[in-house]
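What follows is a single structure, and I will ask about it in a moment.
A, B and C are the chain letters, set down in written order, and residue numbers restart from 1 in every chain.
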Amino acid sequence: MLDTFFNIEIMKAAWPILLAGLGNTLLLSATVVPLGLLGGLILALLARLRSPWVRWPLMAWVDFFRAFPPLVLLIFLYAGLPFIGLELGGFGCVAIAFFLNTGAYYGEILRAGIDSVPTGQSEAARSTGLSATQTMAWVILPQAVRNVLPDLMSNTLEVVKLTALGSVVAMPELLFQARQAQSLTYNPTPIVVAALIYFALLWPLVRLLSRLENRALRAG
Amino acid sequence: MSSWERFLDTFFNARVMAKYWPDILYGMWVTIELAVLVVITGIASGLLLALLRAAGIRPVNWLMIFVVDVLRALPPLVIIVLIYFGLPSVDIAPSGFVSTWAALALVLMAFSEEIFWSGITAVPRGQWEASRSTGLSFTQTLLFVVLPQALRMTIPPLTSRTIAITKGTALGSVVAVSEILGQASSAVSNSYNPSPLMLGAAAYLVLFIPVVVAGRWVETRFAWKK
Amino acid sequence: MAAPIIEARAIHKHFGALHVLKGVDLQVAERELVFVIGPSGSGKSTLLRCLNRLETPDSGSVVVDGIDLLARATDINRARQRIGMVFQSFNLYPHMTALGNVTLALRKVAGKTAAEAEALGLAALDRVGLRDRAGHTPGQLSGGQAQRVAIARAIALEPRVMLFDEPTSALDPELVGSVLAVMRELRQDGMTMVVVSHEMGFARAAADRVVFMDDGQIVEQGAPAAIFEAPREARTRAFIGQIQRH
């Protein structure tokens, strides 16, 4: 059993491969989280425009990406775009897919956050001469982010976990590297180690979230 | 051929679509089967775990919290791969379908246990006391007084979480499950044409848009209110 | 005095390092109405909650209607049927109608059929004057109505004694009267009652005995007139003086 799942020799051999994968996972996360946040912010700000010409298409856009499995979106870009002569590669496809998919989720969260800030805040800020943009940036958004911080963190956890999808389009991230090592060694140890790395990386966030969620519900 | 016609011929090729739509339809059926199995087993086991946690047996709860944390921290695809490629080494060889089902059900179990547990602890202490003072037992109080109130509170977060995890059925394509994405991908490589992907995308939207819209309605209908 | 229906002896209770009950004895006779007063933190609510074992005393004994509540063999859920309790914050089940609140224990503990439970439940609601509110949910009731439904929930089980934990403290002043009226009727029907409350007017008019607690002990007890007009202990005098100024 130990020899199968925790084979020390194979761990030693696979370690550099996995470490490179971890590096890429972190790099990927550091790219897609800001991208998703940016997409979300754009959507949340567009939602401020109360016009039905913006609101309905926006809702359709968000629902579309909530309904569409991210892996399908990724494969769609990866396998579909080359047919019109666009070769973006794994990284490009992952970046676009995450910008669209996680942007929709971040957008819903930020929108709820902005809605949670009382209108009096904006009125007070405008009455002191701040512009609409300044009011948003310095008064509304900081409060909005604080109000929905647990949701933002929870979504960020999901985004980091989603980077494992990169393995399907040959991005050399942690899961991909682990599977490579596994198929070279005919032993599942590298996958077990990869799982342990994911766990070590994300457990603190999971613990923190579980505390925040419990507190929010009890206060609600 | 104009470029527009070439675009249509590439992505909406009628001949390819006619040939492969039964495959996609079959994939839809597999996706539905997988999703229903995941939702039922995942939520039911999550609820059972939350009820067990209410019994307050310390070592059991510590173990439960740890397992839930593990399942929340690992990417679902990693769990699928672990089951599908790992277990055969100890002579258990689950199919791709079973691996995907087990992994997603475990993940949903973990998330729903957390949500149910938050709901149970959010019910005020006075409700327990009032019920116990009329002679209802701990279990009766949990089932008839606390749980109904807890469930109402848990409906919005549980709905969005369930939708997100159910979409993970597409991950089954990685371990050769012939659900929509798997069927569409193999059709693309067989026909050298991306039209089956369009069909697959449409199939996902047909399945999940109603679920997302219903979820939106549920979330506003049962939004946190006292 | 006949054999008491409630007999609590030498009750001690700690919450962590806090010693909240320091050897309390309390006997209540059948059909007696005992009022428990005292400053907040004096242990009066804790004492009341020991009388149906919502709190388990660290030592001492509690016997209600011949049942030793602290004995291991006692089926506490059966025993609690005979001990009704009304809470400060009503604690009605928000997901059920008034009738549902009243009939839940009738069905699940007393083993009545749905029809029997409904008849008994409606009768209990009738006694508190709220038969016409049977289908309302707690959210649709005023505070006074909610508390009367809570009383109906307890009396529907035909308890031998009733415990009231500050039943009117959460009510707007104009709603207090309706709850006290129901309590007065219960009293006239001969219900044994232990009431933790600051409603001095009600105590004067209806109580057989007033018990003053402070710092986890019973300081003084006696007829309402004696306690309110001629308290012997300095602490009692100070407390009575304070609440009468308000």
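Worth pointing out:
One rule holds for everything that comes next: a residue touches a chain if its C-beta (ideal position, glycine included) is under 8 Å from a C-beta of that chain, and two chains touch if they have at least 3 such contacts.
Just so we're clear, the structure is a prediction, and the values are computed from it rather than from any experiment.
Shown here, the protein chains touch in a chain-like sequence that does not close on itself. Looking at which of B-C and A-B shares more C-beta pairs in contact, the answer is the pair A-B. Of all chains present, the one whose mean CA position sits nearest the global mean of protein CA atoms is B.
The centroid of the Cα atoms in chain A and the matching centroid in chain C are 55 Å apart.
In this assembly, the C-alpha centroid of chain B lies 48 Å from the C-alpha centroid of chain C. With centres taken as mean Cα positions, chain B sits 18 Å from chain A.
On the chain B side of its complex with chain A, the touching residues are 7, 10-11, 69-70, 72-79, 81-82, 85-86, 89-90, 114, 117-119, 121-122, 153, 163-164, 167-171, 173-174, 180-181, 184-185, 188, 193-194, 197, 200-201, 204-205, 208-209, 211-213, 216, 224. Chain contact summary for the complex, chain B toward chain C: residues 124, 126-127, 129-137, 140, 144-145, 148-149, 152. For chain C in complex with chain B, the touching residues are 52, 54, 77-81, 83-85, 87, 89, 91-95, 104-105, 108-110, 150, 153-154, 157. Listing the residues of chain A that touch chain B in their complex gives 1, 4-5, 63-64, 66-72, 75-76, 79-80, 83-84, 157-158, 161-165, 167-168, 175, 178-179, 182, 187-188, 191-192, 194-195, 198-199, 201-203, 205-207, 210, 213-214, 217-218, 220.
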